[in-house]
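Following this line, the structures themselves.
Consider the two complexes below, in which chain A is the common component and chain B and chain C are the respective partners.
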Partner chain A sequence: MRVETTASGPTQTWLRRRSRITAVEIAFWLATLLPFVLFPSYLSLASQIAIGALFALSVDLVLGYAGIITLGHAMFFGIGAYAAAILAKHGWGEPLTGLLVAALVAGAVGFVTSFIIVRVQHLALIMITLGLGLLTYELANSFSSVTGGTDGLGVEIWPVLGAFDFDLWGYTAYGYALAALFIGVLLARRLVNSSFGLALTGIRENSARMPAIGSTYRVHLQKIYVISACMAGVAGALLTETTGTVSLDTLSFQRSADVVVMLILGGSGRLYGGIIGAIIFLIARDRLSDMNPQYWYFWIGLLLMAVVLVMPGGILGGLSRLVRREAR
Partner chain B sequence: MIGSLAVVLFDGFAFGMLLFVLSVGLSVTLGLMNFTNLAHCAFGMLGGYAVVVAMRSFGLPFLLTLPLAFIVAALVSVAFERTIFRRLYGAGELNQVLLTIGLVFVAAASTAYFFGTGQQPIVLPHYLQGYVEWGGLRFGSYRIFLVVMALVIAGLLVLGLEHTRFGARVRASVDNQRVAQGLGLDVDSIFAITFALGSGLAGLGGALAIEIVGLDPSFGFHYLVYVLIVVAVGGLGSIGGSFLAAALLGIFDVAGKYFVPDMGAFLIYLFMVVLLFVRPVGLFGKR
Partner chain C sequence: MSGTAILRTEGVTKKFGSLEVARNISLSLPVGARHALIGPNGAGKTTLINLITGRLKPDAGRITLDGEDITTVAAAERVRRGLTRTFQINTLFPGLTPIESVLLAVCERKNEAGQFWRRLTGHAEAVDEAFAILKQLRLDDAATRETRHLAYGQQRLLEIALALATRPKVLLLDEPAAGVPKDESAALFSVIAALPADMAVLFIEHDMNLVFKFASRITVLVAGAVLVEADPEIIRADPRVREVYLGQAHHG
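Moving on, here comes the complex of A and B:
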């Protein structure tokens, strides 16, 4: 695992300046604690959002930073979710090791599939990610003795750290999911503000030129794909553990598509894009859930078209452009 | 056993021909402009609903509504192409995918709003109903009609592309757009016309599909995966490739559902992933 690091001073300083923690960031993380006090009846929604945000962050790493278009990332989410559920079903309901196992299993699948992913581009890439996602769904559906088929699995999860039981109101669930999201963001932050992260952006911008400056771009892509798979697996396992159930829809194309929509709405290629997108998407869906889902997708579709045509970079991209204009 | 196998194969081939009509337009336009148009099947759906409205509200006979489906889908699609899609040529696949999938969402929701979420059955003329007995086997009349239609369309497409001036221009633009432009070809309007023709074929496919797979607001989504498989496996811009891929997919899909109902879809996806891994450009793709 060799990462090309330039030890020269200016690069290091530049990277360090990029990764400086801002006041907005601190305020954001303090605000994530508000639901505990202000909206205790919405804690289960809040934990869904934290899980969705972690999943969106994992997609951001491959799609936003490395430029791999994926329409099948739910496969890792679902594999993580089922790994944790099957582990708990066989008598080991300890949540933290559940997350670890989910990350390992999803990462292993990610490693195997990454050899296919780096080989193809354009339409073939879209079709392969889509195909792998559908394939996993069909497999899980066929092996209903292991996965519970369309009924899914209900599992019993032990208390977190042996002390915090998963309560009905979701205090533990939200705290647990939020902690996982926080760690995920720290990790992703470190990754994208490293020379490795810069190499990924280089691949996204021009994959033909990267080998010319001596960057082994396939290895880079495989690495980020595996890391992203692990993170998506953890997000899936979190969903299993906080809800105590897992079903086939964790693997569905709908989930793959929704997470891309969240990311694009928020702004891809930005650390907080997926998080903002998940907050808006999931709160809107919760508020509008009495609406027929078909009509809800009308607005989602319209929003997507609007983002692509008039607001490239999503909500965060638009905001940062506004801020820059103000500063000038 | 042999008899049922023959009927299953024939039904599969007929389904494949339906997929061919639905997808060949996308194959050509994708090869021409590299525009990943996931809304292709939404134009197919438009054609289907045009037939339903024309038959129910205006009482037109089925065969007359088919050209109508073609024209409606072609006109609406070219309006979108001229106003929205063309801004995204060269904007990267992600933006194209997002815009067109957004359009599919909007189309599905609007259709559900105006027509409801139920299936829209149509009544076929009597000469397309029933069976044709041949060697003790019964082949559906409508499926025979479908196969004949698809073969005629494939023939016309090959003729049009290989033996007309316009076809030569399209082929030149597919092979090398910049050189074609440099030689004075108006690639922009060639593409607009090709796009209209391709979407028109999708509209025709959507109309022909009503009797085989039904028509409801999820059509634009449901058959998108099939169409994309045909295009990716067949190879961009290749009519022969699309034809072969569609026939194979149709036969495997129907035979799979008949003989191995648990694994049918799985085998198709597996085949596609393996094929694209070995040949990322598809069976007959050039690049």
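Moving on, here comes the complex of A and C:
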């Protein structure tokens, strides 16, 4: 062990400890492997959850860290989903390049729209993101020769790395989606623990101070918006590739709203909040819609209100507060 | 006063509708100035700081920093060129700790704040610098406590720490001791007095004892215009200044 000699040693240690990998995190990732052995009949649900979690993580980067409230993020999810589908439709069904192309296309659209996004705030921002989402949905609807319109597209996806075929039970699907989520979390983790992550938190905490410390913070916002769009695009492409189909529903307002609900349930601004939220939301949907297919949103609504009222930091926020109280 | 002017305003004017909040204000700060801006409430002191820092755009007049015209330059760019302010009402990052806040300001200055691939602790020089600034302002013990939990006086010091992290040539302090108890405000001003000699400081302050103690030059602002600018002993004896302050005392 190196001995700290500078006066700032303890502070350096404190900063380093903030980004340390915890035992809970390792346990969580080991637990994500359990479905392979414990619930092999639920692997397709598990892969849906992994995809939803990656999508929620992309929203957490803009909403939880940078404070950009969005109700239109399904546009990037859907653009990614269609990019992968259209690529496969034109004879290139290789899944990894599919993800890459989806990220690039979604990121490019994210870059163009970011110029509007960083110029508005509050209600106007929500309306702009909502509007962009609706616009994309109807564009996809009207260009049915490319997107298949309301019928969607069915595509042929090649085996992952040329070896793992997408099987009926979903072993490959879950393994593939889980690996993508893992890499996504690693990248997001690196990002939020960087000086850029600190700058984003600064914008969220008090954007009025940012120019006074010499920050042209709109550039930061544009950058994170593009990164988030790429990640959402990858999540969309994963859905296309693991199910072999794409439909307009990937672009729907419902999907934009659902992902925000997942994030708020789990707890925003904490990386794992979206993942926990996706697990709860999608399992609840699966269970509740079995019992009562028409009214299952009633329970989601109730759960959402309970969490927001009782645990303002979401489920993860509530848990970490409990743990801190126990430690004291 | 000798030396070249680092900051200069020439005939700066600002109107809100028919109300003139700044009227033909010309100021000149030499390198290393300790310049006080005083005047009754509503005289336009904070407005002038907002005009100098680019928060407000003047309707007429010119502002130069180190000889360069910055009248139309964006607020963040002015900070990068060495013109930094603090706020009368705390404008901090409540959820960040002092070390994180100052580190952010240092990273912004070094153009390292956009680097999302580098670990925060990898910016070792910046961390050391941020810590040194906190130490200079006696905030080193509170470095890892969330800003919202800091004592009010410490938050006032953090206001200055954030500004210092930008390495200003000109520092504008908008009532640095606002809301701080009298016995603590003297301590706060001793920190200000210890700032580098080549840094020009313009400060707004209501406590005349502190003004006369720390200012080497004083501008009195009344109703958006400069009433008088002079050395402290002349201001102290000026009957117009007395009248303004006595009049203020009668009304308020």
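FYI, the second predicted complex is superposed on the first by the 309 of 328 C-alpha atoms of A that agree within 3 Å, B and C clash if a C-alpha of one lies under 4 Å from a C-alpha of the other, contacts with A are read in each partner's own complex, and residues count from 1 in each chain.
Keep in mind that, in the parts below, a contact is a pair of C-beta atoms (placed from the backbone, for glycine too) under 8 Å apart; a residue touches a chain by one contact, two chains touch by 3 or more.
These numbers were taken from a predicted model, which means no experiment stands behind them.
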Q | Partner chain(s) touched by A:His90 [first = chain B, second = chain C, both, neither] | A | neither
Q | Contacts of A:Leu63 with chain B and chain C, given as first, second, both or neither | A | first
Q. So, A:Leu130: does it touch chain B (first), chain C (second), both, or neither?
A. first
Q: Using the touch definition from the top, say if A:Ile264 reaches chain B (first), chain C (second), both or neither.
A: first
Q) Regarding the shared-chain residue A:Gly202, is it in contact with chain B (first), chain C (second), both, or neither? A) second
Q) Which parts of chain A are touched by chain B and by chain C alike? A) none
Q) In the complex of these two chains, what residues of chain B are touching chain A? A) 30, 34, 36, 84, 87-88, 93-95, 97-99, 101-110, 112-113, 117, 217, 225, 228-229, 231-232, 236, 262-263, 265-266, 269-270, 272-273, 276-277, 280-282
Q.
Give the list of chain C residues in touch with chain A in this complex.
A. 53, 74-77, 79-80, 84-85, 87, 91-96, 99-101, 103-105, 107-109, 112-121, 123-124, 126-128, 130-132, 135, 140, 143-144, 162-163, 165-166
**Q.** Interfacial residue positions of chain A with respect to chain C in the complex
**A.** 6-8, 11-12, 14-16, 18-19, 190-191, 193-199, 201-202, 204-206, 208-217, 219-220, 223, 227
Q.
Per the contact definition, I'd like the list of chain A residues that touch chain B in the complex.
A. 63, 69, 71, 116, 119-124, 126-128, 130-132, 134-135, 138-139, 142, 257, 260, 264, 268, 292, 294-295, 297-298, 300-305, 307-309, 312
